[in-house]
Amino acid sequence: MTSLILPAPQEIVNLAVRIITSRTFFEVVFFPGFLNVMLSAAFLTWLERKVLARVQLRIGPLYAGPSGILQPIADGVKLMFKQMIFPELADMKLLMLCALGLMLLAFAPAVAIPFGEGLVIANMDVGLVYVFAVMSLFPSVILLIGWGSNSKYPFLGGLRSLFQQVAYEVPMWLSVLGIVMMTGTLNLTKIVEAQQRLWFVIPQILGFAVFFTAALAELERTPFDLPEAESELVMGWMTELTGPAFMLGFLAMYAKLYIMSALITTLFLGGWSGFGFVPQPVWFVLKTFIVASVIIIIRGAFPRVRVDILLRAGWTRLLLLALANIFVTVALIISGLGWVWRI
Amino acid sequence: MVLDVWSLVAIFEILVFLVAFPLLLFGWLMGEKGRDPIRDAPFESGQTRLGEARQRYMMQYYPYLIMFIAFDVVAMFLFTWGLAFLTVSLTQNYLFLIFIVVLIAPLAYALYLSGKREFW
Amino acid sequence: MEPLSSYIILSSALLGIGIYGLVSKRNAIRLLFSVELIVNAANINLVAFARYSNPPMITGWNIVFFSIAAAAMEATVGLALILVAFRLNGTIDLRKLNRLRG
Amino acid sequence: MVDIAFLAISGLIIVSAIFALEVKELIYGAVGLAFSLIGVAGLFILLGADYVAMFQISVYVGAVVVLILFTIMLVRRESGKIVEQEEPSRLGRGGALVAGLVALAMAGAVIMLMPGSVEAPALYQVTLRELGRSLASSYAVPLVILGLLIGATVVGGLTLVKVEREEKSDGATQ
């Protein structure tokens, strides 16, 4: 009876050891899970500064660690100890809640993305739609940040972000429909398995172009970085976030970049598949960082577009291209080439 | 111990929360507190504040918002079609084409309206 | 798994909250919230009955798809109406929007 | 395990629904509504309807709540900090009474009429393909009618909200 009231310490230790040594724990905390996304996001902030510096013939971060690789950690420590300043009419509780919400939303899609064969936290049947559903929650949170700041730059940035993300979400979803039609599944693991013979970037080149453009807009990266256009809106909706709240928002944005690159890799670039004796996760992470680097280099190379042109192009050209992609896919399947991607 | 998919999602989210929330709390506890009218002024590039912040609304993009709601629903329905595309007979596939075609006229109308600045 | 009755009690409670909002609130947007809550109560029931019927049926899901889509459309038109009412009258308090009364 | 999840989710739904209706600021009300809708999605997941839950999140929370937030922001434009002056009058109490009675009657009636305690059949896996097939075969006509409804919504909503040009120019000249 005593064991019912208080389990022996030995049992607790045993249970803890069993949990910590289990594969699930490793997956959730370390590799495809939390630390992976966190460290990759931190690494991407460094990569962005370094690559942009090279594009602009500068050197970039240099002092913290070898060629400045520890710069994100220094930044993090600096931001942690900063005072949180909120404007006089701002809604502090709402801002803190939204910063936290951004973080939760940015990390959430990571559970569905397979980083290797069976190396996925939650192998869900609705994985693709889950990722999109979580991503569709971003605009409302960003709008709330802009509203809660009660300052002009964040509010304009929030509104722009809302319209931009909303406009590019629909083409993004429709561009993936071709893949869903070819594989007949929403499970991301099965979508990767279907690409063992040929990556989807070949038959779905139109869909890939639409998806990549829409991803740039969803990520608010140049040439679609209107919500945080430095020369007009200072930092956009992040202007009035300070200290740790800013750190969370910033980290969330880079985590989103990482997840989106991983999603592009999964859907179009064959996921974990590679050749040679290099393990699958290495392939996956390599491809992901290549995609992310391309997105970063685009920031250094292209100017910004105007907001009304951006929205109109999203709703006319991109939507039409996505619909055209569907018809191309139908033709491809009817012509009998579908067996290539049969699982 | 086998956990099902969605409890793993919940555990992951709780983990993220447990890391992010203490960060926020730590910063709030460690940081200096107290208000200062000059420091707490909203950022306006050094200008003094002119009027309410919540003033300029991009009403001319309202059609895009309504189109988004319509096509969000359409996209979710099209996903179910895409899933079944390989197993459904061709005649039943035409149905979804009708579903899309019906929506072309409203889309054109919305695009026409959104192009006219004087309506908004 | 819980028994079916727990889901029904939950959805009844949600329905009750929605009716309370409809009866006692005067703000048009609050009324919209209430309508959404009532629709959601119905959706919970549909999915629960679909799961608990033997063998489980997919029909409940399909009806819920249509229900959600129709509710989204209803909210869109409702918000447009609220916007117009605000533009014409400067308020969305339903008690002040009684210009049609003689 | 599942019982705890059910209790937590139903608590979230009820509390945030009441919060949505009772909180002073409308913006907070919209946030409460969003949490309530997410809770309903969680309930769908408990019931094994994953795709329905995703539909709920992306359409309701991702789209409708955004529109509600935008409209609230527009509506509050000129009317100061708080739009409504709620008085917790007898109307509120009467509403609560009516709502409670209706809810009790509904729950009571359904539970009384139900034969015994219904247990769930063993876990079933509805393949998502089946879902699309049933939509394409049995729900052909409703789907096209839904398309018409969506089109009517787009046209109707825009026609309502747009400003008539003549009216506007008249106002400018006078």
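Each chain gets a letter, A, B, C and D, in the order it is written, and its residues are counted from 1.
Simple rule for what comes next: a contact is a pair of C-beta atoms (placed from the backbone, for glycine too) under 8 Å apart; a residue touches a chain by one contact, two chains touch by 3 or more.
On a predicted model such as this, the values are computed, not experimentally measured, just so you know.
**Student:** Name the chain with the Cα centroid closest to the overall protein Cα centroid.
**Tutor:** Central chain is B.
**Student:** Would you mind telling me which chain pair, B-C or B-D, is linked by more contacting C-beta pairs?
**Tutor:** B-D
**Student:** Measuring between mean CA coordinates, which chain is farthest from chain C?
**Tutor:** Checked the centroid distances; the maximum from chain C is A.
**Student:** Just give me the whole-number Å value for how far the CA centre of chain A lies from that of chain C.
**Tutor:** Computed from C-alpha means, the inter-chain centre distance equals 33 Å.
**Student:** In whole angstrom, what separates the CA-based centres of chain B and chain C?
**Tutor:** The separation of the two C-alpha centroids amounts to 21 Å.
**Student:** Whole-Å distance, chain B centre to chain D centre, using C-alpha means?
**Tutor:** Their C-alpha centroids are separated by 16 Å.
**Student:** Using mean CA coordinates as chain centres, what's the gap between chain A and chain D in Å?
**Tutor:** The answer is 28 Å.
**Student:** If you look at chain A, which of its residues touch at least two other chains?
**Tutor:** Residue numbers touching two or more other chains: 124, 129, 136, 147, 166, 169, 184-186.
**Student:** Which chain C residues sit where two or more other chains touch them?
**Tutor:** Those would be 65, 68-69, 72-73, 76, 80.
**Student:** Listing for chain D: what residues touch at least two other chains?
**Tutor:** 51, 54-55, 58-59, 62-64, 66-67, 70, 73-74, 128-131, 135, 146, 150, 153, 157-158, 161
**Student:** Name the shape of the chain contact graph, picking from line, ring, star, complete and other.
**Tutor:** other
**Student:** Using the contact rule from the top, write out all pairs of chains that touch.
**Tutor:** Contact pairs between chains: A-B, A-D, B-C, B-D, C-D.
**Student:** Would you tell me which residues of chain A are touching chain D in their complex?
**Tutor:** Residues 94, 124-126, 129-130, 132-134, 136-137, 139-140, 143-144, 147, 162, 166, 169, 184-186 of chain A touch chain D in their complex.
**Student:** For the complex, which residues does chain B have touching chain C?
**Tutor:** Residues of chain B touching chain C: 66, 69-70, 72-73, 76-77, 80.
**Student:** Inside the complex, what are the residues of chain B that reach chain A?
**Tutor:** Spelled out, the residues of chain B in touch with chain A are 1, 3, 5-6, 8-9, 11-13, 15-17, 19-21, 23-24, 26-28, 30-33, 35, 37, 39-45, 53-58, 60-61, 64-65, 67-68, 71-72, 75-76, 78-79, 82-87, 100, 111, 114-115.
**Student:** Quick one: which bits of chain D touch chain B in the complex? Just the residue numbers, please.
**Tutor:** Chain D reaches chain B through residues 1, 5, 45, 51, 54-55, 58-59, 62-64, 66-67, 70, 73-74, 76-77, 128-133, 135-137, 140, 143-144, 146-148, 150-155, 157-158, 161-163, 165, 168.
**Student:** Under the touch definition given earlier, write down the residues of chain B that touch chain D in their complex.
**Tutor:** Against chain D, the touching part of chain B is residues 6-7, 10, 54-55, 57, 59, 62-63, 65-70, 72-74, 76-77, 80-85, 87-88, 92-93, 95-96, 98-100, 102-103, 105-107, 109-110, 113, 118-120.
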